[in-house]
Amino acid sequence: ASKTEEASVIKIGAMGPETGDYSMYGISVVNGAKLAAKEINAAGGINGAQIEIVDYDSKGDKTEAVNAYNRMRDQDGVVAVVGGTFSGTTLAVKEIAVGDNMPVLSPTATNGEVTLDAPNVFRACYTDPYQGATAAVFAAENLGAKKAAVLYNIEDPYSEGLAVAFNEKFASLGTVTNYEGYTKNDADFRAILTKIAAEDPDVIFLPDYIAKVGVILSQIQELGLTMVPIGGDGWDGIEADYADVAEGAYFANHYAKTDDAPIVQNFIKAYEAEYGSTPNALAALAYDSAYIMAEAIQRAGSTEAQAIIDELNKTDRDCVAGHVKFDPNGDPIKSISMIQIVGGEHKLVAKVSGN
Amino acid sequence: MDKKVIKNYIINIAAIFAVYAVLKGLIYAGVITRYHQGIIVFILINVILATSLNLAVGFLGQLTLGHAGFMAVGAYVSAITAVALNANFNLPKIVVLLISLTLAAIVSALTGVAIGIPALRLRGDYLAIITLGFGEVIRVIINNIKVTGGAQGFTGIPKLSTLDNVFWITVLAVAFLYTLTHSRQGRAILSIREDEIAAEAVGVKTTSFKVMGFAIAAGLAGIGGGLYAHYIAFLDPNTFNFMRSVEILIIVVLGGMGSLTGSIVAAIVLTIMPEALRSFNELRLLLYALILVVMMIFKPSGLFGTEEFSWQGIYDRYKTRKNALHNREKKV
Amino acid sequence: MLKVENIDVYYDKIHAIKDVSFNVKKGEVVTLIGANGAGKTTILKTISKLMEPSHGVILFEDQPLNKMQPHQMIYLGMAHVPEGRRVFAKMSVHENLQMGAYIRKDKAGIESDLEKVFNYFPRLKERINQPAGTLSGGEQQMLAIGRALMSKPKLMLMDEPSMGLAPILVQEIFNIIDTIKESGTTILLVEQNANQALQIADRAYVLETGKIINSGDAKELLADDTIRQAYLGG
Amino acid sequence: MALLEAANICMQFGGLRAVDNFNLEINEHELVGLIGPNGAGKTTVFNMLTGVYIPTEGDIKIDGQSVVGKKPYEIVQAGAARTFQNIRLFKDLTVLDNIKIAFHHELNYSTLEGIFRLPRYWADEKRAQEACLAFLAIFDMEDYAYTMAKNLPYGKQRKLEIARALATKPKILMLDEPAAGMNPQETHELMETIQLIRDKFDIAILLIEHDMHLVMGVCERIVVLDYGRIIAKGTPDETRNNPDVIRVYLGE
Amino acid sequence: MILFLQQIINGLSVGSIYALIALGYTMVYGIIKLINFAHGEIMMAGAYFAFLVGVHLGLPFFAVLIISMIGAAVLGVFIEFIAYKPLRKAPRISALITAIGVSFFLQNLALVIFKAEPKIMPNLIVKRPVNIGSLQIGTVTLATLALSIGFMIILDVFVKRTKPGKAMRAVSEDKDAALLMGINVNRTISITFAIGSALGAVAGVLFGVMYTQVYPTMGVMPGLKAFVAAVLGGIGLIPGAVLGGFVIGMVETITKAYLSSQWSDAIVFGLLIIVLLIKPTGILGKNEKEKV
């Protein structure tokens, strides 16, 4: 490739599980980032250069993620990375990326550790502890719950992170009647639910992804239990398949589809036009991340890593999922939208901000 | 000492140094990038895992499905040790690595003994199930206790595994397995695979040798796990699930049960394959599975069967072929 | 009844049977003798289609067997008492015998043949419900023969039926072979106990490392000095 | 004191008393035959003597030491080796390795010495190589040293099994139907081999066999078993003429 | 007490699914000694068949069940023919690896065709609780219970008493000897796979209905647990598979309800290990001494 060509293409890496059980998440992230890239390129690119998203499948596996990261750095020569999707793979990649001083902006890795001791690593989403605690506050204050049960996936760091934070926070606001775990492969929750129901909690906190939550909600309905389910951002999109069992339940999210802010509605329209489906929060965060990264590169005026990192630190921008500014760790300071499923639609109930 | 044997030893040692030199040369020349180096490290770790599992499955004849469990024990022990050492002493990296790996090997081997003594009383598929169960139990334990960081994972592990030290540790591990299996103890281990009753009837202490073989396999898996921990620097329990055990077993069977060199070749092939198939995107795992099935159908006893690759073997084959040609010429 | 024409059989690269031809006529007892590893078992396995010849044909009642499946042999009237007995270890003695009559539908006939087998081998009746795997070696041998008889074969292939049997039973087995022959069943017998085999056989073939090196009338071979030297222990 | 003493041993399988009050003494250098109808319990006796089964009653002593409840390998160390009625070789190993495995206890190097290839390893392995080839030589099988055991013809497999048992340096060797599947000529050769090893290694031999030519030809003493009980003991001539033995076993 | 009985019912419900899957495992294992790792994926395939038929044709439960059983049976026989038959004489572990390969293949095929997101299974069985006193049993649970026990009895009689059943046992012990008896070994094995796979489909359909979802990896864990169940009950034994399934389901439920939900997998496997150490051939397995 000639020099001019090189200068006119800036490569940004992206990764997520594009195959396997969680492929829908990885695909959303890659789609979101690619949509942003397309818009930026259409608007003239960065300082005249086009951007290209180089995406690899991580299969949700750390070894694969490390290989994918090494490959995009060495083979493709990416200047920055938008990824990974899950905390586990992001943490594995982070350890190497810190050594490389590679600008990394994860749209969706919510684990607390991701940005610690890593000046080059940022994220566009709020953290698990913050989200869990916010859900607890919401349950106690907005819903007036006195007793809460927690049921989480012990094998999943995201789920565990939320559960721990919720448990701690709610304990100071009311009583946690049950703190129960299950594993990724469990399909039958009736034993635990029967046990939980015996304690008669007001709410049940279910921090997991749609597929599992859907099953749990179905079984809650099957057993005829009346506690109110609350969840986290993993629930985003749950109304598509589980509108009936999720009716009336609440969850925390990064943005609300029903938010009338033009930036939100424009994004939704563009995404639907491009992919024929409504975007979930992961897509929105990835879309935001790609814009944030592109803007930092543009302001840096070069593809030199430290320059990009410095500019990322100065980010101050309105995004689909709220206004983004980074704290010294590289975590965004933003608000959480609490959403209720009503008639199969998202209803923005509250925007809870700060602690 | 047999001259031929010594000649073989020298050839093999020279070959190892040659491979090392070529690797270094290619890295220096920039042909092997850090991306490739990363893959090579994973290959080497898989070599340790597969050859050690081969000891249990291929040489001892005990089907185990929980190798990832021992790998996990080693990985966490090594990681925790290294973190503790770094926090309290100011030791050179290589010393920290060696101490951590030694401890990892010991604890994994002891776990192997603890599982092995009761479990090895069972045969065949029952043993497989027990070890499978053990692997799952280890994972649940790691998920539920504090020192391991639970599902959140264990971070801040010092990155002590470099291509150099992983390479030499792998060489030592394989050499160790080779000399072990080619000694009187190795023959005793093989006899158990062949016929346990007959082995006892000629005076082989089958129980001790089974436990020994199993413990060594576990200990080496622990070293493999330790190297993995110090390369990837972040551990979580899901890394060591049942699928990981299966992946290692696949390498062993594909390479040939009872062939260390087979395991090495298969480790190379099967580690590179998913990378090489990257461009197929969503079809890549489908292809991987397909290739696996096809390879098994056409090479049911693995690439190498129970044979070891040897230069002598190649030379002999070359010679017989030449002789055959020669004979044919004579006939005409 | 059985014609074997120029067959070659391989185990991978081992050429076990080399261009072997022989025949068995209806009502005859023909025996194959030869040292260990000569290829006797291999020939019987090839006839009952457990192995495929790489070359040559086998005709049973003038019908070539090339295109046939191994499990169809018994329908043609061939039964094989395999080397090493091969009884169904976890099935009872009774079930093993029933398996012998797997292709038969005549209940009454099966019952009477069962009685016949128990007459030959009263020991089997004593052990009727014991799993075959726990029988002694000799008992298993009786069972294997009994099982083959249960299919009412026209041709019996017997691979060392007297192996591991007590002398009194060896005698008995040869008597039974005689009786089977009397009842019109043709027999191809492989025996290490060549002395006795030759005494009851009509004709014999001598096999050495996969080739037939001699053949003829059994009684004549019995008297042949070189044969006595090599196979009959002087 | 007898080399091997079995006192009133019994074996019960569920409702079946396979061996009932079996008594036997074998002295050094003796060659004893154990015969009896099929299913009489001969192999079961072997299984008890070699620790494969634990007798339900009775005591077994080798060199005056009780071995009941000992593992088979401990009994091998005490000096009793055997062959199996259904050949049990290490099929996928070479003939030589089959024997070297049995020679295990004659070698002294430790696991670590072996792994690091210290001098004792080389010395011991050299000794093993020579000694094991010598065992093969007794059976005229040196040519097969590097053949896979499974590829041997049947008769050779039987011989290998005997050689393997001998390599454990037993004081008493128990052979379970060594001539099964051999033709008369081969059996005759085996007979000579059995006598040869008895003299060369100065061991006692206990032999199960249905080939009367072999049994009567080599045994000094014969024990006859029927339905788990001893029905006769004596010299070959006495046995041959014992009406009970003729009735249940020999026939004619 | 009511709570406890309710938990017992939950246990029966989980156990009956395991029992159904374990039946198929045990059939195949019993005959060709192959741990058919792809059995869980056959179950998954059966569930997808039912999903497709249920959604597109809107047929009633039994029709859907039969169609998906046939579909799975055909698939099972096809897999056996392509992937396992060439390995009949190969070492058993090679066949095991092939089975794992097939299992990967089917999972990924389903992933490519149907994508990872779970599909929602139509409600083929009207879900309503049946009251027994103050206890409730779901209709799906009742159906699963009835089917698992029914199939157990039918299969047991089939294998023990009928001629094809005996042929299966003969094939399982010695294929060559079975050929000599006139048994068509290939066909017998095909029949075994057909039956085993059809049972897998039954389990898959009920699993889908009970847990509302059908997804590519749905067979993995139930398959593994069911295999454990089959081993626990005594592998190769038909009543053992069902007993093992119920035991695992019950232990799992009771552990979650009264001991610890976090540790339940460890406890279940721990129990398995203990049972096998006490009784190495499983609960109903016979401890036979090997005759030497």
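By letter and in written order, the chains are A, B, C, D and E; residue numbering begins at 1 in each of them.
Rule of thumb we're sticking to: a contact is a pair of C-beta atoms (placed from the backbone, for glycine too) under 8 Å apart; a residue touches a chain by one contact, two chains touch by 3 or more.
Note that the structure is a prediction, hence the values are computed from the model and not measured.
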Task: Lowest number of touching-chain links that must be crossed from subunit A to subunit C - done: 2
Open item on the list: Of the pairs A-B and B-E, which shows more C-beta pairs in contact?
Closed with: B-E
Open item on the list: Taking the mean of the CA coordinates per chain, how far is subunit B from subunit D in Å?
Closed with: 40
Task: Length of the line joining the C-alpha centres of subunit C and subunit D, rounded to whole Å - done: 30
Open item on the list: Could you work out how far the Cα centre of subunit D sits from that of subunit E, in whole Å?
Closed with: 47
Task: Centroid distance [mean C-alpha coordinates] between subunit E and subunit A, Å - done: 37
TODO: Please set out, as single numbers or ranges, the residues of subunit D touching at least two other chains.
DONE: 43, 52, 84-86, 88
TODO: Could you list which residues of subunit C touch at least two other chains?
DONE: 134
Task: Shared interface positions of subunit A, touching two or more other chains - done: 19-20, 23, 154, 183
Open item on the list: Under the definition above, what is the set of subunit E residues touching subunit C in their complex?
Closed with: 163, 166-167, 169-170, 173-174, 176-185, 288, 291
Task: For the subunit E and subunit A complex, residues of the former touching the latter - done: 3, 6-7, 10-11, 13-14, 108, 111, 115-118, 120, 127, 129, 138, 207, 211-213, 215-218, 220-222, 252-254, 256-258, 261-262, 265
Open item on the list: Under the definition above, what is the set of subunit D residues touching subunit B in their complex?
Closed with: 50-52, 71-73, 76-77, 81-82, 84, 88-93, 97, 100-102, 104-105, 107, 109, 111, 114-117, 121-122, 124-125, 128, 164-165, 167-168
TODO: Using the touch definition up top, name the residues of subunit A that touch subunit B in the complex.
DONE: 18-20, 23, 56-57, 59, 61-64, 66-67, 70-71, 73-75, 88, 91-92, 94-96, 99, 111, 113, 117, 153-157, 159-161, 183-184
TODO: Note which residues of subunit B are touching subunit E in the complex, please.
DONE: 57, 63, 118-119, 121-123, 125-126, 128-130, 132-134, 136-137, 140-141, 143-144, 197, 242, 246, 249-250, 253-254, 257, 282-283, 285-286, 288-290, 292-293, 296-297, 300-302
